[in-house]
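Let me give you the structure first, and then I'll get to my questions.
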Amino acid sequence: MINKADKNITEVLSQIKDGATIMIGGFGTAGQPAELIDALIDLGVKDLVIINNNAGNGDHGLAKLLKTGAVRKIICSFPRQSDSWVFDELYHAGKIELELVPQGNLACRIQAAGMGLGAVYTPTGFGTLLAEGKETRHIDGKDYVLEYPIKADFALIKADKGDRWGNLVYRKSARNFGPIIAMAADVTIAQVSETVDLGALDPEHIITPGIFVQHVVQIEPTHSTTAAST
Amino acid sequence: MINKADKNITEVLSQIKDGATIMIGGFGTAGQPAELIDALIDLGVKDLVIINNNAGNGDHGLAKLLKTGAVRKIICSFPRQSDSWVFDELYHAGKIELELVPQGNLACRIQAAGMGLGAVYTPTGFGTLLAEGKETRHIDGKDYVLEYPIKADFALIKADKGDRWGNLVYRKSARNFGPIIAMAADVTIAQVSETVDLGALDPEHIITPGIFVQHVVQIEPTHSTTAAST
Amino acid sequence: MSHTLLTRDQIAERAAQDIPDGAYVNLGIGLPTKIAKYLPADKDVFLHSENGLLAFGPPPAKGEEDPELINAGKEYVTMLDGGSFFHHGDSFAMMRGGHIDICVLGAFQVAANGDLANWSTGAEGAIPAVGGAMDLAVGAKKVFVMTNHTTKTGEPKIVSELTYPVTGKNCVDRIFTDLCVIDVTVKGLVVTEMVENLSFNDLQAVTGATLIDATK
Amino acid sequence: MSHTLLTRDQIAERAAQDIPDGAYVNLGIGLPTKIAKYLPADKDVFLHSENGLLAFGPPPAKGEEDPELINAGKEYVTMLDGGSFFHHGDSFAMMRGGHIDICVLGAFQVAANGDLANWSTGAEGAIPAVGGAMDLAVGAKKVFVMTNHTTKTGEPKIVSELTYPVTGKNCVDRIFTDLCVIDVTVKGLVVTEMVENLSFNDLQAVTGATLIDATK
């Protein structure tokens, strides 16, 4: 009998080692798995490569992880924000490497990894600094840049509800990168606000089928659950 | 005020002209929009290119359309079935052109069109007859075939419920190609078993957002609706 | 009589008039966001946000904010009846796949050929950030730009060639400024409207590219 | 004493033993489908079907068939609690993206290097059909083949090189036949089990490729 929700957060995260490549869900703080990130910080691993849309906000979550110096490189689309002072300082001090990827190419390269594609020709970024040195091709009247998949050893995501087979549903705009990074990582760890019985999630409503999820960790919800969703 | 459900089936289909490329949903008969196909037959257009997983079953739906001689070419993955006698006869008589595409490449090329990609490197079919003459590339230890998007002028799909903005939910394994062909056609026409009020579909449960759907046509359900689904 | 510059709200109001009923629209972060409040209530205009929202609505009432219901500008929003949530892959398929009818973007510069610069000034040491701008520039059916006609120091933002790093090539269709409306065409930059009491010559004088007058 | 051939059900039962708890499995149309009934009830084995089902269950009771709940073989099925529906794009992402642990396919031929032929005999005038076979062959973590050891006319199906058109190159990991179990390794075809009273020499005699005996 498979129970993907049978380990505590520390046990689950202990498989992450120095040098790991980790995708982290969230757009800003919506959908950011804050508790998994805190547990990752406690683990004390180093030399990480992080993939996220942003580069941390304020002093919590991803920003806090960056501040520990555990992250060697970040792949993201929008690091510069009004409250990204932790990243800003590391970047200006030359203490973190940045690979800037247009947001749609970030999504698309993650999807390519999840789908098992070798590479894709994307129109985004053609002729820009972010495509410098990259192979291009003119196809059917339009210009494209060749982009390669982005995979990861781990994905840390935040979902709303999960079951013991790893099926997940999300909440509002916290869904964002969750479903696609779950498909692109060797091991996906989901924190959920509620663990439900098998069969409680309608098969028509499941957003991430359990095949893409290896561990489910229940965290007490901190958001206001005004609108319940299944 | 936008009401995508305000025209009858004949009005909606009358925009389809000779020579159109049409994607048709369905895997076998599950999810096949039989009533839309019947109306297409009544329209009497010719020289069509059809994209579907199969090439018709029995004497109804897609098979019936083929039998009228309206279809110049079919792009599919599995034309040969125990009840595909209509296609078999046309094929052996040289009256229909067949482009055979591995099912996953069919899905993936349709997705590439919907996503706006120029081409993708897919591992499926490498070294086989179905990749003969196609460009290949060795990427990160694995071989891939370059495949181009499949787009269409129209997509005809069957969904379970829809609203006046074109939002759709599907029913069980009738979902199959529906959501991805809706994204790859210029004009998507969905037949639904029930038209519901705006807001009746939970935003978390909508499978095809209305942006991908231009027309919704309500058809009386013929399947047994033992399990209601939203 | 001297002319009056349009306020930011007036530019937004003018741009809103060119958004038809039923349009799927992405409003870029900053100035373009203002357009939302000038969309007439009798039109169904579907606002898309990169982070997985379609048909979102106005900000929530105070106290009703949900940190998990934000737009791409990370502002609190609400959902309209008929709205939907989806993941980033589908969201950018909408953008890159040509499903968004109109996007409205801010600009550092627009060139005579429709090249857009809005993501980086190329300043030494600045942290680069691009977000979804490059996807919108290449993917939306029509790209509108909403901007002041010149910089705060009076430099033209509409130029013959970009000096800032490009976001998207040949992508801009129409420009709404505090002085005029310009269509980017194969013939060049065609001025279709100007604020009152502004002469075409005065407009040309504050523009870094040749304009064609079509206001008469 | 002469050996006895395994029945189709016995091959299925043997193959079922090599499917571990928690495996995501795609059973190809035809013979492999039989494996489902030999999966022990105390294991959670997740059956995937190309047409958008995960964790489907046994056929429905008579009268409960739903034409919109079918598997890739177009047979009526049921859903287990914890099952899910998804579209063809996601379904083939599961297959092509390496998320399926094991697929079990039928075969016309398997070559010594693991090449598989199961989609076309190349016969003149035959209508070609491929379905999802090529995706499973390249995408599943492990590819099992379930087949009779020889054709009805006694020709070997395990051969040094394919004579039928290839489905996938170097893809087969293990072969279950009515005579034996073979692992496809870098060293060659390694026989790990044989039916009782069959000599290795007799097995080699009905096989078109060199076998390595690892049964002792």
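What to note about this one:
Residue numbering begins at 1 within each chain, and the chains themselves are lettered A, B, C and D in the order written.
Here, a residue touches a chain if its C-beta (ideal position, glycine included) is under 8 Å from a C-beta of that chain, and two chains touch if they have at least 3 such contacts.
Every value quoted in this text rests on a predicted model; they were computed, and no experiment measured them.
Of all chains in the assembly, those touching subunit A and also subunit C are B.
Inter-chain spacing, taken between the CA centroids of subunit A and subunit D, is 35 Å. Subunit C and subunit D, compared by their mean Cα positions, are separated by 55 Å.
Rounded to whole angstrom, the centroid-to-centroid distance between subunit A and subunit B, based on C-alpha atoms, equals 32 Å. Looking at subunit D, residues 79, 85-86, 89, 92, 96, 138-139 sit in touch with two or more other chains. With touch defined as above, residues shared between interfaces to two or more other chains in subunit B number as follows: 108, 111, 115-117, 122-123, 170-172, 203-204.
Here the touching chains pair up as A-B, A-C, A-D, B-C, B-D. On subunit A, the positions that touch subunit D within their shared complex are 1-2, 111, 113-117, 163-165, 167, 183, 197-199, 201, 203-204, 206, 209-212. Residue ranges of subunit A in contact with subunit B, taken from their complex: 108, 112, 115-123, 137, 139-140, 142, 144, 148, 169-172, 202, 204-205, 229-230.
Against subunit C, the residues of subunit A that register as touching in their complex are 27-31, 53, 77-81, 84, 87-88, 91-92, 98, 100-105, 107-108, 110-111, 122-130, 143, 170-180, 207, 223-224, 226-227. Residues of subunit C that touch subunit B in their complex: 21-22, 24, 42-44, 46, 48, 54-55, 79, 81-86, 89-90, 92-94, 96-100, 138-139. Of all residues in subunit D, only 49-53, 64, 66-72, 74, 79, 85-89, 91-92, 95-96, 120, 125-135, 138-139, 165-169 touch subunit B in the complex they form.
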